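Got some structures for you, see below.
Note that chain A is present in both complexes that follow, paired respectively with chain B and with chain C.
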Partner chain A sequence: MRIGYFCTFTPKELIHSAGFLPFRIFATRKPISLASAYIQSYACSQVRGALEVALSDEFHGFVFTRSCDTLMRLTDILEFLGKRVYNIEFPTKIGNVDYYVYELRDFCKTLESWGGEISFERVIESLALYRELEEKLKKLFEVRADYEIAIKVQQIDVSGAIKLVEKKIEEAKKEEKPKILVTGSVCPYPEIYEIFTKAGFAIKDDLCTGRRFFEFNYPNFEPHDLDSALRFLAEKYFSKAPCPTKHYPNDYRFDYLLRLAEDCEAVVFLLVKFCEPHFFDFPQLREKLEEMGKKVALIELEFPVASTEQIRTRVEALKEVIG
Partner chain B sequence: MKRLKVAEKMRNLMAGYYMLGHQAKVRAWVTSGAPVEILYAMDVYPVYPENHGALIGAAKLGSYYSDFSEKRGFSRDLCSYARCDIGCVFAGTSPVGGLPKPSFLFACNNICNTVVKWYEILSRIFKVPLFVLDVPFVRKELKESHLRYVEDQLIDFIKFVEKLIGMQMDDSKLREVAMKSIEAVKLYGECLRMSKNRPSPMTCFDAFINMAPIVCLRGTDYAVSFYKEMKEELEDRVKNRIYAVENEKFRLLWDNIPVWYRLRWLSDFFASRNACLVADTYTNAWTGFGELRSSDLISSLAEVYTVSYLNIGLERMVEIINGLIEFYEVDGVVMHSNRSCKPYSFGQYEIQKKLSVPSVIIEADMVDERAFSEAQVATRLEAFLEML
Partner chain C sequence: MISAGIDIGSLTAKCVLLSDSKILAYKVTRVKPKIEETAREVFEETLKIANVRREEVLSVFSTGYGRSRVEFADKAITEITCHAVGASFLIPSVRTVIDIGGQDSKVISVENGRVVEFVMNDKCSAGTGRFLEVMANALHLKLEELGSIAMKAEKKITISSTCTVFAESEVISYLSSGEKIEEIVAGICDAIASRIVAMATRVGVREDVVLTGGVAKNLGVKKAIEEKLGIPVKVPEEPQIVGALGAAVLASRKKNI
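So, the complex of A and B:
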């Protein structure tokens, strides 16, 4: 049974351990029609597109984590439409692990009420599987960024996903190309990434459909019971690659991004129109990146992407400037 | 539009409030739904960028100040309060000569997550510390763990301010401020409820115009005496049969933040069609802050500020709106689908279906007049009133 989720902060390990398939919902290529009756046109197209999928496909339930205001309301909208939903109150301010452990405990109870089974052994097993997947994805991306795989693994069972990535690692060859940092929220269209590689760039990313799905720092302890497994999970997600929907001490996300950009020739902000958290960060980040001598470009996306031509022109122009 | 006499007093009061800001020793920029009582108890002067945004909108200068932000790369799709306020910082001025620079920033996300991003930007510009009060969203029941999370942060916040100002908070002072806050909110609620009279002595436009003191001066004597006076004027109006709309035929409810640059136009539009907007969900949101208990104040502050109107699920919002419809004997609801306020606007289509009276949605923006199409709004509202 598929449980739909939207945000990379979702503890998919728990959904998996309870016996469900955590299935990340992205905007599809289908034009948005059903969703327009339930949410305004100034909601981002990722949310409108995801709502379209949620309304037309089969799901056992939907899990949200507090991230942006639009997703927060989408939870309610889906519930009003008769769907089974749950919202995990992931803190906006990163810091209080104890609080989040409580939230995860409540989430376990919800999964049980949805027909799932929660046990320490199974949680540990899922933790290990997802860690293996994440580490392998990291390894693959060190050689070659493969977004088709990064997107696919979020919609299939984790064991199959690991095998798929292993195969890709064997095939992957490193290419020496100038690096470009692509930062933003989601882009479920593999052909858009190809525009960058075809223009002669090697992509390094800071995206929900890339690194933010698999880059974690793992806590330094072995869980010995369910509660400590939840603590492990909380700490793991607190130290995930940062997202602009969260508030970090000492402006951590800015530092993180500037560090990521260090060995890149250029930075592209690949932003979904109406995505407030990213658009708020953009001007000040651009300023700092330009101070570092980086070329910066902003590409605004709306799903479904009608034509990639305009994006191609922008990326090629950027490549020319860099030489 | 028959303005209330107190509106003049309100203008002077707010002018004084803005002036005082420049003399204050310690200033915090604070969001509209933050527990300001703590600041007043520690003699920290609160500056309200959102009120400032509303003021810019009412002065019809939204696009002018937004332009200063847009030139720096801030998207026109971002919240217009934020765009204008940040724009004023870049412009170095505003209709009130710019806001006095902050000593620190205090953002509470019980109204939206936008404020967190907005205040992060301010924190980088002014190079001052930012305290984020992170309030979990209450979709259903308020959970004990959520309350404890907020309580812990309130204690952290008090320590944060104490360290900055080098002085301890006096508990009795906090109690005193909270009592004033409760009193002001009570009087304010009584003012709003005067609209229960048929015909009503005031419209929601009066409520909008006169809401600044409950936002900015909650916890001070100023707010208490202002709403006392407003209440007296409304009682006089009722006694002397002075009605906001002469031939009140329809009674309506407004949902969402006002269209600040079109208050007069909207007010005239409805009045000329014998329609009176007797109440609104926006100003009503502040009446919830009156539930403070003076015993166990921190816990009570945590609770009151967690279940604020924009921090609750749609189901609960529907209950509140239907409650207002019943109380004010409303015939229809006018919903402002506000491009700038996602948490207030998304879900309106669903809410509409569950209301006990007919409703209409108009598309606009609270401050940015470029998002307003007069012909479109007029046609929609005409059709709605005809239907009623």
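So, the complex of A and C:
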């Protein structure tokens, strides 16, 4: 049974261990129709498109983790429509592990009430499987960023996903091209990434459909019971690749992004129209990146992407500017 | 050596033949649904005007939205680079290129003939040639007439709508309320200039400013942009072929940029 989730901060390990398939919902390729009855056109198209999928496909339930306001209101809409919905209150201010362990305990109870079974052994097994998938994706992306795979593995069973990534690692060949950092929220369309590679760039990313899905720092202890497994999970998600919907101590996200940009020729902000958390950070980040001597470009997206040629012109022009 | 630049835009196709830094001939045609055919035709017609055989052209570069569909081109370069190169070829002192095409508009900051930075508007038809087309249609005027009509106006009507579709309704309502046509047209030119200047401010405007693209032929728009920027704007003799010219210049250098 599929449980739909929307954000890379969702503890998919618990959904999996309970016997469900965690299925990441992205914006649809179809025109948005059903969703328009519940959500206005000036909300971002990722959320509008995701609602369209949530309403047209079969899901046993939906899990949210606190992130942007628009996504949070999607919780309300699905609840209003009588769907099985749970919102995990992921702390906006990163730091309080005890609080989040408490939240995860509640989430386990919810999964049980939805017909799932939670045990220490199964949680440990899921933790190991997802870690294997994440580490393999990291390895693959070190050779060659493959967004078709990064997107696909978020919608299939983790064991099958591991095999798929292993196969890709065998085939992957490193290409010596100038690096470009692509940052933003999500872009579930592989053809957009292809525009960058065809223009002659190797992509490094800071996206939920890329690195943010698999980049974690794992806690330094072995869980010995369910409670410590939940603590492991809380700490793991507190130290994942950061997102602008969270508050980190100091300028953690900015520093992280500037570090990623160091070996890149240019930085492209691939932002979904009306994505407030990313747009609020954009002016300051651009300033800092330009101070570093990086070329910065902003490309606005709206899903489903209607005209890729305009994006191609910008990306190719950026390549020509860099030389 | 003879080189050629072919610019397949959203509405028009342009071809320029260049020989030893001199323009031999150029041609502007309408784009047909079959881009490959359009490109071949505009190229052949330009060859005919210059009385040059195909074999004499040593290098062909393509640009514009249809650049990758020009099969016989040696290389495709974006219109952003080509407009910067073309404008620098005609007016070497250029630092800012404002290109207003049929479907998009862009502002390019140029240094020594190279692109430093650029912004593009390709999302909204307000601020492009399409805006003028829709308005000319609503006023039953020819597109080419708008500029000279605007120049006759003593004052301007303010078009408040930022959207082409709503602006068209606004224009029709001004007609119904008996406003003078030249004042409405001046208002239309002012509206497009406002969008362009807002975009140009993001890149930073440095003199000399060169206006390119089909809309540059409209004196009303040129005047409105000059008023808003507070500086004179230069327009090449044939602003529509600047992209194709840039492609021809790059083709003559036989290197990318």
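We take it that the second predicted complex is superposed on the first by the 323 of 323 C-alpha atoms of A that agree within 3 Å, B and C clash if a C-alpha of one lies under 4 Å from a C-alpha of the other, contacts with A are read in each partner's own complex, and residues count from 1 in each chain.
The working rule: a residue touches a chain if its C-beta (ideal position, glycine included) is under 8 Å from a C-beta of that chain, and two chains touch if they have at least 3 such contacts.
This one's a predicted model, so the numbers in the text were calculated from it and none came from an experiment.
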First (chain B), second (chain C), both or neither touched by A:F282: first
If we overlay the two complexes on their shared chain A, which of chain B and chain C does A:E320 touch? Say first, second, both or neither. second
Should A:E103 be classified as contacting the first partner (chain B), the second (chain C), both, or neither? first
Tell me the contact category for A:T245 with respect to chain B and chain C: first, second, both or neither. first
Looking at A:E309 after the superposition, I want to know if it touches chain B, chain C, both of them or none. Which is it: first, second, both, neither? second
Pick one for A:R73: touches chain B only (first), chain C only (second), both, or neither. first
Between chain B and chain C, which one contacts more residues of chain A in the superposed model? B
Under the contact rule defined above, give the chain A residues that sit at the interface with chain B and also at the interface with chain C. none
Counting only contacts in the complex, chain A reaches chain C at residues 300, 307, 309-310, 313-314, 316-317, 320-321, 323
In the complex, chain A touches chain B at residues 37-40, 42-43, 66, 68-70, 72-77, 79-81, 87, 89, 91-93, 96, 99, 102-103, 106, 244-245, 247, 251, 273-274, 276-277, 279-284, 286, 298
Residues on chain C engaged by chain A in the complex (per definition of touch): 65, 77-81, 104, 114-118, 120, 122-123, 256-257
Report the residues of chain B in contact with chain A in the complex, numbered from low to high. 72-75, 77-79, 82, 109, 112-114, 116-118, 120-121, 123-124, 132, 134, 136-137, 139, 143, 145-146, 148-149, 152-153, 313-315, 337, 339, 342-343, 345-350, 353-354
